[in-house]
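For reference, the structures are reproduced in the following blocks.
Both complexes below contain subunit A, partnered by subunit B and then by subunit C.
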Partner chain A sequence: MKYFNLIWAALFRRKTRTLFTLLSVMAAFLLFGLLNSVREAFTSAGHSIEGASRMLTISKVSFTMELPQSLDMRIQSVPGVAAVTYANWFGGIYQDPKNFFANEAVAANFFDVYSDLELPPAERRAFVATRTGAVVGASLARRFHWKIGDKIPLQATIFPQKDGSNTWTFDLVGIYHVTNSREKQQEDAFFFNWKYFDEARQFGNGKVGWYIEKVAQPKDADRVAQAIDALSANSDHETKTQSEAAFQAAFASQLADIGLIVGSIMGAVFFTLVLLTGNTMAQAVRERIPELAILKTIGFSNRSILVLVLAESVLLLALGGAIGLGLADLAVSVIRAQGIPIPMLPVGLAIWLEGFGLMAFIGLLVGVLPARRGMRLRIVDALAGR
Partner chain B sequence: MSPLVEIRNLSKVYTRGRQKIEVLHHVNLDIARGDFLALMGPSGSGKTTLLNLIGGLDSPTEGTLSVGGERIDRLGQSALARWRASNVGFVFQFYNLLPMLSATKNVELPLLLTKLPAAKRRSHAGVALELVGLADRAAHKPGELSGGQQQRVAIARAIVSDPTLLVCDEPTGDLDRQSAVEVLTLLQRLNRDHGKTVVMVTHDPKAAEYATHTLHLDKGTLVEGVVAAEAAAQAGS
Partner chain C sequence: MLRKIGTTLAIIAAAILPVIALVWLPAWAILVAIAVLGVWLALTRTGRQAWSATAVGIATIPQRLGSSSVVIVGIAGVVGVLIALLAMAEGFRATLHETGSDDTVIVLRAGSQAEINSVVDSDTIHVVAEQPQVMRDAGGKQIASPEIVVDASIPKKGSTLDANVEIRGVGEQVWELHPRLRIIAGRRFSPGLRELIVGNKAAREFAHTSIGSKLQLNGEPWTVVGEFDSGDAHDSELWADTNVVATTYHRGSSTSSVTVRLTSPQAFDAFKAAIKSNPQLKLDVQTTRTYYNAQSEGLTQVIRLLGTTVAVIMAIGAVFGALNTMYAAIATRTREIATLRAIGFRGVPVVVSVLIETLLLAILGGAVGAGIAWALFDNYTASTLGANFSQVVFEFRVTPALLAAGLKWALAIGFLGGLFPALRAARMPVTDGLREL
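Now for the complex of A and B:
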């Protein structure tokens, strides 16, 4: 700590240059925070403790092909299955297509299987009892200022009603919460009664989009999955059962390989950052050769000089990086609070730790050559300007 | 009393490409404790090289060099750095202060290598600045001080860790006459009142007048002055 003043003063010896370099580092880590927040949202889905005991059964042919509702009872009879529920993608629009949110028709016991979606018992009972009842996540309710008792019309894009109308009106009977901050994006969904949906829709009656099973023992998941798929073997509706996490990962990869996209962008950004900060550090040390020689003259060892320059380099990265990640954290909070439909998780500890690791790594990487130069300089040559 | 600095058959050869340049040639010299020695000579005579060797900034090619009884020619780089930190104060022609630090912080620099707590470091730096008459400029950065004041800050930095030996390379070379007198008077006071041994390289005969002894170097050899060690070495050979 006693060297901090010296390192800090050296860092801001050329204020304008340092400021611009800091802005570049900040921008890079802002991007890092935002992109990782999106990546985490895609990759962490289904990784909750609850999610570990849930499996999804979809059509083996395509996710969009529906399955007979009659499978429900048969799946329940598979040993190891604790509960079964099902759902259909609805794809309705509220007022404007840009107001996107997930909306699904779900079975009455849906919230038993998704116990991580916390719905008060009275509201759960109301959901089951109300034919046109709907339940929304707290975040979605905040976004559209909905409250219990509101009538919410959704415009169907796939399923018109039997009378030809595309307007489905639901009664909001419950608002659920998700306490785990990493799963908060699950609050951006709208669920309504599958029974009402199935009776009122024009086509596809008696079919469900997918089944969700809760297994008694997660360790038995593979065996249970095989047994469920065996129920429909050689039929016209063969199934594929997998863990919720595997399903979410596969679903996300259909949209895009988020990991590859994020990795590619960040690779390019950090490569540029290494060149930029490397140049800054090289210039900074080149200008300070006589000053480093003085430090050595008064007794600073070669190793002290090495550490001082490396510390300066890491400080440059850490300062800009921490501000950048802090801004990313703030931006994600604002985006989520505003209900802007971008899947994002808060910039959590893992991202911060990864970020600080990167700052230290890049700092050491760009500092090592200038630091070695400072360490190796001969005092008499440096003082003589050679 | 044994001399503070004992130099025997000291040679220094620099290699520039294929060329070998002998800058010092078998120099023998004793510098007594409490002496104020001026080293004079034309450019390229080897006086700065000799000063650098005495201050432990460079190592000799041949010969022995003891300061305070310690053979510094045998010390490795790390040991030499530690030795410099506790035994020598340096004053240079161009002050060599760190421009981004205040006078106090510049003076504190050598104390960072000690275990002194921050408050003690600040207080020691304050005392050193007071000694050089710059207590009122403690918060100023070098760019806000005159050349003479900067050199006095450099002297405060040189003495703050209470070294036995002060090595000064053209300390007045970049100063006007008035500032030069102030700096030389200060060095003289440190020598007389505080017992510091001062070795000063200078081109200026007026500056040399402040020293108690003057030695001349030419082409790497001491050419005049009473040097007991040389006589002793010659007698022994």
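Now for the complex of A and C:
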């Protein structure tokens, strides 16, 4: 630590060059933070503690096929199932197809199973008691400036009402919050009463999109899933039960290979960054050879020179990287607060740790050649300018 | 002090304008600008001075290969990522665009947006098919195909995860609606039998879809008997007789949609008006071109926005990298430049020579990036969920327009990275420069 001033002075010996390099490092880690925030939003869905005890039962044919409501009672009686609820995808449009958000008809006990969607008890009672009641997540409410008491019209795409009309009007009776910041994207949904939906829709009555079970013991999940699927084996509505996380993973992989896209971009970014910072460090050491020789003359060991140069390059990366990741953190908060519908998770501890790991790794990688050069130089030659 | 800030602001403004111009100008305008520059370099006195200064600069590049490669690789990265992401958007857009045509019309239940959401009953199908604007085949039958769209969960090849493949029940006239469609292996399905033909992209992506394979659809065994190539989004689907699909999926006599061929694209307005004026029908009528274009819009925009954002952030990094390199290049050549100034070269040739050198490095980087993007990603196969919640397989398309756009970005980055070092070189006091070691 006592050499910090020395390293700092060396780093800012050429202010412009260091500043430009820092800005490049910043841009790279800004991108690293943003892209990983998107990637995590895709991969982490359904991995919460609450999610681990939840399973989804969908039609084996495809999740777009419906299941009979009569399965509800039968699934409840499967040993190990603590609670069952169900939902239907509604696919309604609010004003413009571009305003996409999930909207689902859900059973009255939906919020018991999804206890991570925190709805005040009074609002939950109002939801059950109001036929046309709807509940939305806080960030969705912010996005469209909705408040409790508003009437919200949705245009049906799948389910017209009995009279053929596509307009369904709901009364907003509750707004739920999600405290776990990693599950925040669950706040972008709109739920309304399945009973009203089933009575008012033109066709498909008595059918359910999917069931959600809460298992008493997560370790029993596989056995319970098999027991649930056995209920409908060889019927015309065979089911497939899997954990919420497995369902989300399959869905995300159908959307896009986000991991590959993010990985390729980051590969290109960091390859460039290594070259760029490596060049800066090489220049920095080349210019300072006489100075390094003097340090050696006054008694610095080879090892200390190595460590000094390596510390300088790690400091360069860490400084720029931390500012870049900080900016990414800030940008993600702003984007999410604006309600812009891009799936993004806050830049959490995992991304910061991974980022610092990368900074240290790249810092050492680009520092090692110049550092060895500094370490190996012979005092006489260096002082003579040879 | 104030004057210094004023000059800096003016330079920044002067730098931003050409960048905007570079990004917006069509490719031919840039080629014309390059030609004008070439003429100026060759024919005027200042131009020839600039050229000889540039030649000296270029000749010294091999001595600073490491730092010059920072410019090249930095810009190659930006251009490569930009082109790859835009090629993804372009591939998806083009695949859906080619799926539609202006003289075939798809009729859906009003408000349903996508076929999977739509239900059309048999009476409606007859009314639609009987409109006078609907073309008739040689035998006098209306060219109309009532179609059912359902999804089936099948694992993808080499994966344990299920993905949705689209099963499309088609009417007997469907072949007249898709003149480009060819059966490339096996045969067409026989009407009335549980037989499927598979699109060539679906066959490539999904397990159990080769000819002769048996598939369980809603509990019933189906056989794949042929493979087709339509050159559009239908290649991601499996086709069968609409009546048999209806039976398997308990759909009665209703279907998801009806597609008809019109006598001409001009007949569309009359056809639509006739359907819309019938109070018994609540239908959406659109050409398949409009329908499929709308399906690609959202995702295409998202990918383009993502690609541009990523490229802008990377470009910021690349600009600073180029600035570093070029400042260093000028610093090592301080005495040379001062000597040129001392023997009578003016500021303009010096500025131009540094700029040209940077732009050459930038163009080289742009070409490398574009080349890598083209080699790796042209025709790269990807898939996503389409409007019917099923996989749409498409190929990245690295088009000449995208390559040109990438090179324009390279020029813009090179311009920004070269301008400030160039100005410093020109403004350096000659006496100080000559004394520099």
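Here is the rule we go by: the second predicted complex is superposed on the first by the 386 of 386 C-alpha atoms of A that agree within 3 Å, B and C clash if a C-alpha of one lies under 4 Å from a C-alpha of the other, contacts with A are read in each partner's own complex, and residues count from 1 in each chain.
The working rule: contacts are C-beta pairs under 8 Å (C-beta built on N, C-alpha and C of every residue); 3 or more make two chains touch, one makes a residue touch a chain.
Because the structure is a prediction, the values reported are computed rather than measured.
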**Q.** Clash or fit (per the criteria above) of subunit B with subunit C on subunit A
**A.** fit
Q.
Tell me the contact category for A:T21 with respect to subunit B and subunit C: first, second, both or neither.
A. second
**Q.** First (subunit B), second (subunit C), both or neither touched by A:G357
**A.** neither
Q. Looking at the overlay, what does A:L273 touch: subunit B (first), subunit C (second), both, or neither?
A. second
(Q) I want to verify the contact counts: of subunit B and subunit C, which reaches more residues of subunit A? (A) C
Q.
Between subunit B and subunit C, whom does A:F203 touch in the aligned arrangement: first, second, both, or neither?
A. second
Q: Would you sort A:L6 into first (subunit B), second (subunit C), both or neither based on which partner it touches?
A: first
Q: Could you look at A:P120 and tell me whether it touches subunit B, subunit C, both or neither (first, second, both, neither)?
A: neither
Q) Taking CA centres, what is the subunit B/subunit A/subunit C angle in steps of 10 degrees? A) 90
Q.
Just to be sure I read the superposition right, which of the two partners does A:I379 touch: subunit B = first, subunit C = second, or both, or neither?
A. first
(Q) Tell me the contact category for A:S301 with respect to subunit B and subunit C: first, second, both or neither. (A) first
Q) Rounded to a whole Å, what is the shortest Cα gap between subunit B and subunit C in the overlaid structures? A) 13
Q | subunit A-facing residues of subunit C, complex | A | 66-67, 69-70, 73-74, 76-77, 80-81, 84-85, 109-114, 116-117, 119, 150-153, 159, 161-164, 217-219, 250, 282, 298, 310, 313-314, 316-318, 320-321, 323-325, 327-328, 382-385, 389, 391
(Q) List the residues on subunit B that touch subunit A in their complex, please. (A) 49, 52, 55, 57-58, 77-78, 81-82, 84-86, 90, 92, 96, 98-101, 105, 109-110, 112-113, 118, 121, 157
Q. Which residues of subunit A touch subunit B in their complex?
A. 2-3, 5-6, 9-10, 12-13, 290-291, 293-303, 378-380, 383
Q. Hey, which residues of subunit A end up touching subunit C in the complex?
A. 16-17, 20-21, 23-28, 30-31, 34-35, 60-65, 91, 93, 97-98, 100, 155-158, 160, 164, 166, 203, 234, 236, 238, 240, 249-250, 253-257, 261, 264-265, 268-269, 271-273, 275-276, 279-280, 282-283
